[in-house]
Amino acid sequence: MTRLRPLIGLLAAALLWEAASRAAGTRAMPTPGEIASAFVDLVLNGTLLRALGLTLGHTTLGLGAAISLGVPLGLWMGCSRTARALLTPTMELVRPLPPPALIPPAMLLLGFGPAMYVTVVGFAACFPLLLAAMDAGRAMPAPLLDTARSLGAGRLRIATRVIAPACLPGLATGLRTALPVALIVAVLTEMVGGDGAGRLILRLQRTWRIPEMYACVIGLGLAGWALAAGLSFLERRILFWAPAYQRLPPQP
Amino acid sequence: MRLQAQDLGMDYRRTNATVAVLDNISFTLADGEFLSLLGPSGAGKTTLLRCLAGLEQPTRGVARIDGRPLCGATPGMAMVFQDYAATLFPWRTVLGNVLFGLECRNMPGSERKDRARAALADVGLADFTAHHPWELSGGMQQRVALARAVASGARLLLMDEPFASVDALTRIELEDLLLRLWSERGASVLFVTHDVDEAIYLSDRVLVLGGSPARIVGAVSVSLARPREQLRTRGESAFATLRSELFSLLNKGTAV
Amino acid sequence: MIAQVGRLFPLGLLLVWESLCRLGVIDARFVPAPSAILACLVTPGSAGDLLDQMGHTLLRTLGGFVLGGAAGLGLGLTCGVCRRFDKALLPLLEILRPIPSVAIIPVAILFLGLGNGMNVAVAAFACAWPVFVAVRDAVRAVDPLLCDTARICGLTQGRAFRLVVLPASLPGAVTGLHTALGIAVAVAISSEMVASSDGLGHLAITASFSHREPLAWAAVLAMGLAGGICSLVFSFLRRLVERSRPGLLGVQYRKGKRP
């Protein structure tokens, strides 16, 4: 009975929705059944999957750009006091800009192709990654570097074999924060003038295909969840050694 | 490996002032000697060690290794720190950690593995090569750090209060392990500690640091018989004499 | 010295941008010169327009923040205190949470039309999550020793909640609220971009489409200003509270000084 308890909340919510939908009688609130069948239809005729694929593609494009720019920059700023002093004022000036801010300027400059998503989504996702990389670089334990240097490791070896792995847990946290931001900005860009799930949802709403619209929204939620779950899975596999995952040491 | 410090001084530049941490440090560590640096916490012992390891440039004076001036990290040295968790790479296994010191050298992979395994067997961790450092207890982790230093073939060991973070019983084991490794390999050891008894038990000679900026307040030769034994050596009357000598030097240092 | 260079760096970048525009290297039709953007900001006509729209945006932000913050607080407190409620609600929340807030915009249009209500509702939806998570975690993280002390002192459940749990979870809640504020600004602007007829988001999009580039970029600048203003006000209020009731919003030790 306890295992079923979580489902009770879901069931209750579904029943409430059903009751409210019948009571309201408006087209704005279709029953869960209608939404479910619309969902199945959209999946079967490929519309939803194609749209979600586009959205996920835009998201990953932007995230890739953000990682390539934000992570090295952040690591450099974290490890080098000079870099920090040089770049922090500029960063603090650009930071208050809300993530969607670049959409209007980039719109006319770049059109709604891949470059647009790289710029806009990349900009939005850049800051969490940069800040996380900076924190990771600053929090590097000095004895780790000292030991490596005293054992004769050169700068390249230290950068790749010591600094990079040591920073990964912090970077993973940054990625976890950057992911939803990237998704949101990607969907927003699509709504303003692109294609993909954002455009689809808006189009369905404007043409009054309401059950399909809800189905799409849920599909987008599922996609977001899948991305986060995928990241978690990768994190657990690759970063098993990070403090959060450590098991207690056995007593000798 | 012979280490020589000549008039070493270290100043740290703060925003408004310059703080002198070390001043006029001169001593020689002979080849194969076990030398302890004794002093209270915050006396600048770690700074001195880092200068001698080539990790920092002293403001004044020069350090020489086998007669040649020190510039940057020199091969043939290894450092062991107090915080073992911060020096062992958690993403590598125990074997991987010991291998790190050897990866920087030119030798075939199988030879590296053999040397690493031999070093781990030497410290008693032959059965734990596939474990990760955080699966081991504090004492075992410090043994991994020792094995890593030993496997790299270091001729000079620089140790910064390595046994200060383990419990007393483990510390006894590690002290004896260190002495055994030292006598087998014949490396020179510079051992920083704030524990008077430990300094006497382990070393051939003890230098006392004190004052601010830190200077060498005195040096004491330890002529107790080797091999040392925990109960016998610590029970000798000479041990007590040395202890009171060192304590008075330490007091002189703090009064300065 | 490096610090001075760092502070002048943005200025330097602006100068480079300006000169590149003047030299014609950058096409001023798409990327206006900083001087043009500045002119837009100070010309009474467009400045007034910008201020108007900023007012709309800020109002919607405030509405969304207050609504979402209250919802997040209430839900977070309930879920933090009552484990059963939390477990029952968990799957529903885990389904709603990953939905990107902008995807809610069409749903909100459906129910609330294209007015302010829509913007506020979407911003509230987005805001509620960080507050909810922060408050729930803060309540759960209240040191059990504090609760034990309360019990030993003979406090009833209600009084213990009001006098112990609530203040102890305040620092975490405030952090969540700070995050939510930034989100409120961003989501309010997003909803304006998609489906409003005023506000900074709408202004930026229409100015861009009608090739009034300086105005579009000026609107973007205004967005940054709006976000900055919100953050400053929040920090100011927080400092006020900290000064009048020290320790209420968490203790921060500074070197050598007492909090």
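Per-chain residue numbering starts at 1, and chain names A, B and C are given in the order in which the chains are listed.
Going forward, a contact is a pair of C-beta atoms (placed from the backbone, for glycine too) under 8 Å apart; a residue touches a chain by one contact, two chains touch by 3 or more.
Predicted model, so just to flag it, every value in this text is computed and none were measured.
Legend note: the chain whose CA centroid lies nearest the centroid of all displayed protein CA atoms is A. Across every pairing of chains, the maximum count of C-beta contacts belongs to A-C. The distance from the centre of subunit A to the centre of subunit C, each centre being the mean of the chain's C-alpha atoms, comes to 18 Å. If you average the Cα atoms of subunit B and of subunit C, the two centres end up 52 Å apart.
Work out the mean CA point of subunit A and of subunit B, and you get 47 Å between them.
For subunit A, residues touching at least two other chains: there are none. The residues of subunit C never reach two or more other chains; the list is empty. Within the complex formed with subunit C, the subunit A residues making contact are 5-10, 12-13, 28, 82, 85-90, 93, 96-105, 107-109, 180, 183-184, 187-188, 191-192, 197-198, 201-202, 204-205, 210, 213-214, 216-218, 220-222, 224-225, 228.
Residues of subunit B that touch subunit A in their complex: 50, 53-55, 73, 75, 77-79, 81, 83, 86-87, 89-91, 100-101, 103-105, 132, 134-137, 139-140, 148, 152, 158. Those residues of subunit A that touch subunit B in the shared complex are 141-144, 146-154, 157, 161-162, 165-166, 168, 241-243, 246-247, 249-252. Contact residues on subunit C toward subunit A in their complex (touch as defined above): 2-3, 5-7, 9-10, 13, 30-31, 87-92, 94-96, 98-107, 109-111, 182, 185-186, 189-190, 193-194, 201, 204-205, 207-209, 211, 213, 216-217, 219-220, 223-225, 227-228, 231.
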